[in-house]
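Order of writing sets the labels: A, B, C, D and E. Residues in every chain begin at 1.
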Amino acid sequence: MVQMFRGRQEKIGAAPGTMVYVGQDRPQPVTVTVIDYGPERFEERELPTPEDATPYRESTSISWLNVDGLQDVDYLRRVCEAFHLHPLVQEDIVNTHQRPKLEDYEDYLYLVCHMLTFNEATQRVESEQVSLVVGPRWVLSFQEQGGDVFDGVRERIRHGKGRVRHLSAGYLAYALLDAVVDNYFAIIERIGELVEGIEEGLLDGPQDSRLSSIHELKREMILMRRAVWPLRELVGGLQRGESYLVQPDLQVYFRDLHDHTIQVADAVESYRDILSGLQDLYLSTLSNHMNEVMKVLTIVGTIFIPMTFLAGVYGMNFRYLPELGWKWGYLGFWLVILAIGGGMLAFFRRRGWL
Amino acid sequence: MVQMFRGRQEKIGAAPGTMVYVGQDRPQPVTVTVIDYGPERFEERELPTPEDATPYRESTSISWLNVDGLQDVDYLRRVCEAFHLHPLVQEDIVNTHQRPKLEDYEDYLYLVCHMLTFNEATQRVESEQVSLVVGPRWVLSFQEQGGDVFDGVRERIRHGKGRVRHLSAGYLAYALLDAVVDNYFAIIERIGELVEGIEEGLLDGPQDSRLSSIHELKREMILMRRAVWPLRELVGGLQRGESYLVQPDLQVYFRDLHDHTIQVADAVESYRDILSGLQDLYLSTLSNHMNEVMKVLTIVGTIFIPMTFLAGVYGMNFRYLPELGWKWGYLGFWLVILAIGGGMLAFFRRRGWL
Amino acid sequence: MVQMFRGRQEKIGAAPGTMVYVGQDRPQPVTVTVIDYGPERFEERELPTPEDATPYRESTSISWLNVDGLQDVDYLRRVCEAFHLHPLVQEDIVNTHQRPKLEDYEDYLYLVCHMLTFNEATQRVESEQVSLVVGPRWVLSFQEQGGDVFDGVRERIRHGKGRVRHLSAGYLAYALLDAVVDNYFAIIERIGELVEGIEEGLLDGPQDSRLSSIHELKREMILMRRAVWPLRELVGGLQRGESYLVQPDLQVYFRDLHDHTIQVADAVESYRDILSGLQDLYLSTLSNHMNEVMKVLTIVGTIFIPMTFLAGVYGMNFRYLPELGWKWGYLGFWLVILAIGGGMLAFFRRRGWL
Amino acid sequence: MVQMFRGRQEKIGAAPGTMVYVGQDRPQPVTVTVIDYGPERFEERELPTPEDATPYRESTSISWLNVDGLQDVDYLRRVCEAFHLHPLVQEDIVNTHQRPKLEDYEDYLYLVCHMLTFNEATQRVESEQVSLVVGPRWVLSFQEQGGDVFDGVRERIRHGKGRVRHLSAGYLAYALLDAVVDNYFAIIERIGELVEGIEEGLLDGPQDSRLSSIHELKREMILMRRAVWPLRELVGGLQRGESYLVQPDLQVYFRDLHDHTIQVADAVESYRDILSGLQDLYLSTLSNHMNEVMKVLTIVGTIFIPMTFLAGVYGMNFRYLPELGWKWGYLGFWLVILAIGGGMLAFFRRRGWL
Amino acid sequence: MVQMFRGRQEKIGAAPGTMVYVGQDRPQPVTVTVIDYGPERFEERELPTPEDATPYRESTSISWLNVDGLQDVDYLRRVCEAFHLHPLVQEDIVNTHQRPKLEDYEDYLYLVCHMLTFNEATQRVESEQVSLVVGPRWVLSFQEQGGDVFDGVRERIRHGKGRVRHLSAGYLAYALLDAVVDNYFAIIERIGELVEGIEEGLLDGPQDSRLSSIHELKREMILMRRAVWPLRELVGGLQRGESYLVQPDLQVYFRDLHDHTIQVADAVESYRDILSGLQDLYLSTLSNHMNEVMKVLTIVGTIFIPMTFLAGVYGMNFRYLPELGWKWGYLGFWLVILAIGGGMLAFFRRRGWL
């Protein structure tokens, strides 16, 4: 996720409103699934052609059209035009480098957010852009790939659990955003475990791998922050009821959601602080370690170097080297050696190095 | 407290308003204690069933219902429904990962704050979520466990000390929040002692344990901040009298409380700054220490290494090594050695290493 | 780009409104190109004299006059006066050290922004000032040199692609700014590649060149930020429709542009954070490396120094050195040596150095 | 000043408005001194009993009652009640851990600020809480101990110098605050001298004491900031004339005072920045120093270690060691030694180590 | 400039409005120069006595009185009183430790700013306080010393160049401030050159002097910021036309000036960031350097220490040391030595140390 706008370059020079898909290259067909429901009715089906979406725009029941796959730009344009979406919205849906944002186009709201997953293999947070278009009685959701966090919402609609069947399209939008944000908690929790693992590992001494783990988690926090902070502002805007599509009775739900986004944003900041602290701690441990290594070398070196010199002196071949002939010379040598060693040790102990 | 949302994951996919307790697993029964009082009357009892709470909602005296234990979700729902609490409030009461917040539900205020304790064994700040629901003539308080900081308030109500018996439910809420915040001062004071201990300990030279103490205190400050800052905003909102439940004559008390929260928040920030300073100081001391160690090694090494070389030279067995036969050779050797040693020492003194 | 105001000094003491070109010294003639268009018409030509610009001020079609080269100050003044521009605007057009800014002169808007290019040879972001003056039916653009990012816009006007032929001068200004900002994405992408390169290179061990690459990218980010942040505010102002020259139907386009500037600003900040993280990581890797080097030296030194001393002892020439005469002396010596070496290795293993 | 709330703990559980003195334990009697003045009159005396203060509340002249000593809580309550002070004000007067603050009680203003002194013995900034209560025609000031910075104000009142005798109680409050802030400048000046001393001392090489001086000054700046920043806001509030007790003609004085508090706050921030810079410089000097030490060790070590090896070789006692018998062996040995030494030196010079 | 309030102490205890000069001690006489002009007239002379200034207060032409030297406090008071300046203004004019500020005294505006010069000898930014008092048809300027940046303005008035002769006193004030700010650009440019010099110097290896240059430039940036930021706010206030003395037709000039102050403030911030980056780079280079030094020592040490040990072994005098008698002993010794050396080199190469 270090390269933030890979592929964006192809768009340069294109007219505003041009649809260019900038995401991954794996070809994938577009599938459009409709869930149409009311207090008493429920229908779920896959649309054969984009034009089949048109009736749902005017129907009195609530319709949720979920679009998986953003590569077939023509197909998508036909879906968008069935709901009269502005060309700039069409452009943004396929341009998957959007920041979370909320745009009010009078007839509908356009919302961008990011669905995050923690990839255990690469230890990275991966991001998939989700666009929501919220009309008076319909919600469109666009995802890059199949597989999402909305299964809980689908289940509640299917089985009429909770209030979802009795409430408006605005509530459905809330439920989808809530599912996205709830998933952030799972990622934060996973990161919490990794941080704890690093913290415990530090006790075993410094290792290169641990340091790059810290660096990587910090980078993931920087990037996750880019997903969370704008979302927090976005939901704050919805909570203040700036659009007529968010009915006053929904504000309590959006307030709750806003609160969740604040919790996540907060946790991201706290983990950044804690990771910075861990990095400092790691470096300090390293310094401490080196200090200890140095001490051992210094003690051994400074004790034996003078002794070796003395041994060298009495290994010299001078013809007139009187000590060599003394009876107690060798014994005396050892006494001097012990005195030097003892003195050094006392000196180091006084300095607090032992 | 590093893992901020442990257990939160089980909630993912659940409908908003679903009560799921996410806290610790030790099973604990729910106990509901009522203190019902007026200027002239006082009653304190434990409720047998949740439905016994209903009359207190309408009584003209002030009622304080304290609920200990959040694991029996059904029991709690019955208590909450006796006071007509919104499902989202019910959800938040048992979801003990809330940030301090204030929500105005017209009929009542919902407040979340954290009761902190300093665990001497682990040297960690532990947190217990306290939810307060403040109605016109009643206050509900929900705690994860028995044992709290409200005994002073209970005593004042029991014995009619101070103004508490003559004032409204809003004043009772103030008194409870005041007890929570007063307890923060005790923790700050304990942390002040620990900081002072570390500061004094640094004079004795660097040690690994000291460094991780600093790191741990810094992390506790990061986490304590999460409890204090939102509380400060919350009380600020109450002080500005944004709710009709805070009567104008209570604003002077909430102003005072606001002031206390600012003091705590301020102290937390100051300790973070001081701890960062201590960490820098620690690392500097370490560097200084290493510098000194290096100097000793260098001095000993650089003085004796050339001498040892010279001794080695005259230990060689060349047949034609004229110095060995000189009469004053050995004496001359020592003079050269002393000259080298003296020159080195003078050099080091000039460089300021001695 | 470190010297931000080179040549600015010559202006000191001059009266406000004096035109002094402060940019590069390569002499370059001024060329003025006009593109005049409407839904049905299109004309493109180079102006022979500045006075030929006058009729375009009053014509009913949309006119875009692009001026390349800012060194012929007299020529420029004549162009500016054909459009009645204020002396302070004339001064700012040639003073190429402007911050991006927006000034509303009632009859026209004056906009400054920077066209950036990434110079692959010097690995630096280079900046060229672009001034836009937006009138009711005309747009003037001033550039330091020929060659720009507006070719896409020219193509769309020439061939009547998109909406540009049907919309106002305000839309043309939007299209030009959009081209400038789109180009920023290309630079961000290039920087993303460089950051990734550095990140991968770090695994191969520390190198001086890598460190100064990080430093240079950080500095470029600091300087790029100076181009992006004020532009973001500027476009924000246009989006809020503060000028009558931005018709309400254009606001949706400026909102989109604003969003792009936020994305770029965001990415610049994120890269600064990531680069700081990389620098920390680099230094840590360096420390780690040194730690390892030290360990090897220490292990070898501390094992062999005492052994060498012992060898020295038995190389001494004392007449009475009893061990020398022992039958198993030499074997004993080796046993002692092996014991010392083994003990040391065990000690180091216990300390976790091996 | 590291322990910010020492003694605060005893208050926990007490009813709001309870007076508990939390400061130092040296018992000290309370003395109340009255200065009562008007354009034509002046009276200064010590009050025998607290009740003697009552008439000054209603008198038409301006009265300044200065209270020294906060330990006799009963005595203080009687003084406070003579002026009808709110229980929360009474509590705050003796609770000497207040942040500077301004509270408007309609009949009077309650102000807390801190009188700072620089203790030369401990090199610490010491703080004494001063509470001011400003009524329509009276000012109460409460201090922990005798001895203050108000002697200049007293002199001006006694001798009718300046405008003080002709102006209101609000002006007197201004004069007292001005004396407090003027004293901050003296402390800033003293700290400036210490910073300069450290800066000059750094040239003499790194020392442990210098580092802890920097740390201590930084900590004092953190704590001084706690006294200055809230005061700045407080005076800003007074300047905007938010209370009727600050007459419009006094606003120019409070604007001036506000300006002084900004200057002090600014200087505190600048010194924090400069001290951080000095700490970095100190550590860099240390690193540089170590670098130089290492170089010497390395040069001496790497030159002599191979030489010593060679000397060792020719000290071996192999029976067949042909060089030993060569005529020019010894001379050759020295030539090789010189070649090795010279080569090493050339290598180091090329690497820039000499 | 480290000591920010030197001499300020003498003022403590003085009544507000007391004039005490706190600047440098070199005695200097006060000189007052008048430039009086209108579209058709121009007069320039030195005033013999302060009272001669009085007629200029009421004259219908524009008058600029420039006062050099602030030590003769009595003389200054007489000048100030000729223009009815408030005592607090008089105090601030001679108290040369003011922050840039703007005060509106209804009849006139009082402005403080700082004229900066870069002292090449000490490499420090020096500051001289300039006070401007702007009345309806007159401007007073007060400087500490003769010599300023206003010569360009004087020339334009003398020779009637530009618009200055035709416009109001507000325009004159603008021209003076513009001259002050224009001079800031020169200083920024000089600092840019120094930064570039340091950047290039870093390539030649670490040196102590370079590090303190970085530190000094950083400190100068901290102090320069104190001059620039408040000035930016001040000019922003003037631009918004908050005073009637700034006629609406001048706002375009003050907007331009505001823009210049933002550019300077911006550049100061950017240089702070770049200097911090340079310091980091310097330290990293240092670490890298040390790393390289260590490697050489380690390689030489670890290769030769074991060899020296072996040479020592065969220099021992044991009676039974069989290898010494072997025919190929000496040759074998060299083979072993070469094997050890080669093995070590291979090991280091594999670790990437060579």
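Everything that follows uses one rule, which is that contacts are C-beta pairs under 8 Å (C-beta built on N, C-alpha and C of every residue); 3 or more make two chains touch, one makes a residue touch a chain.
Computed from a prediction, not measured in an experiment: that's the story for all the values here.
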Chain-contact steps, minimal, separating chain E from chain A: 2
Touching both chain B and chain E (chains): D
Chain E against chain C, contact positions shared by both copies (same if over half, else different): different
Where chain A and chain D are represented by their mean Cα positions, the distance between them in whole Å: 41
Chain centre separation in whole Å, for chain C relative to chain A (CA means): 25
Interface hub residues of chain D, defined as touching at least two other chains: 287, 290, 294, 297, 301, 305, 308, 312, 315-317, 321
Pairwise touch network: line, ring, star, complete, or other: ring
Sequence of touching chains round the ring, chain B onward through chain D: B, D, E, C, A
Touching residues (chain side chain B, partner chain A) in the complex: 2-6, 8-9, 11-18, 86, 88, 92, 97-99, 101, 103, 105, 204-206, 208, 211-212, 215, 218-219, 222-223, 226, 279, 282-283, 286-287, 289-290, 292-294, 296-297, 300-301, 304-305, 307-308, 311-312, 314-317, 321, 323-327, 329-330, 333
Partner chain C, residues of chain E touching it in the complex: 149, 151-152, 155-156, 161-164, 174-175, 178-179, 182-183, 185-186, 188-189, 192-193, 195-196, 199, 252-253, 255-256, 259, 262-263, 266-267, 270, 273-274, 277-278, 280-281, 284-285, 287-288, 290-291, 294-295, 297-298, 301-302, 305-306, 308-309, 312-313, 315-322, 351-353
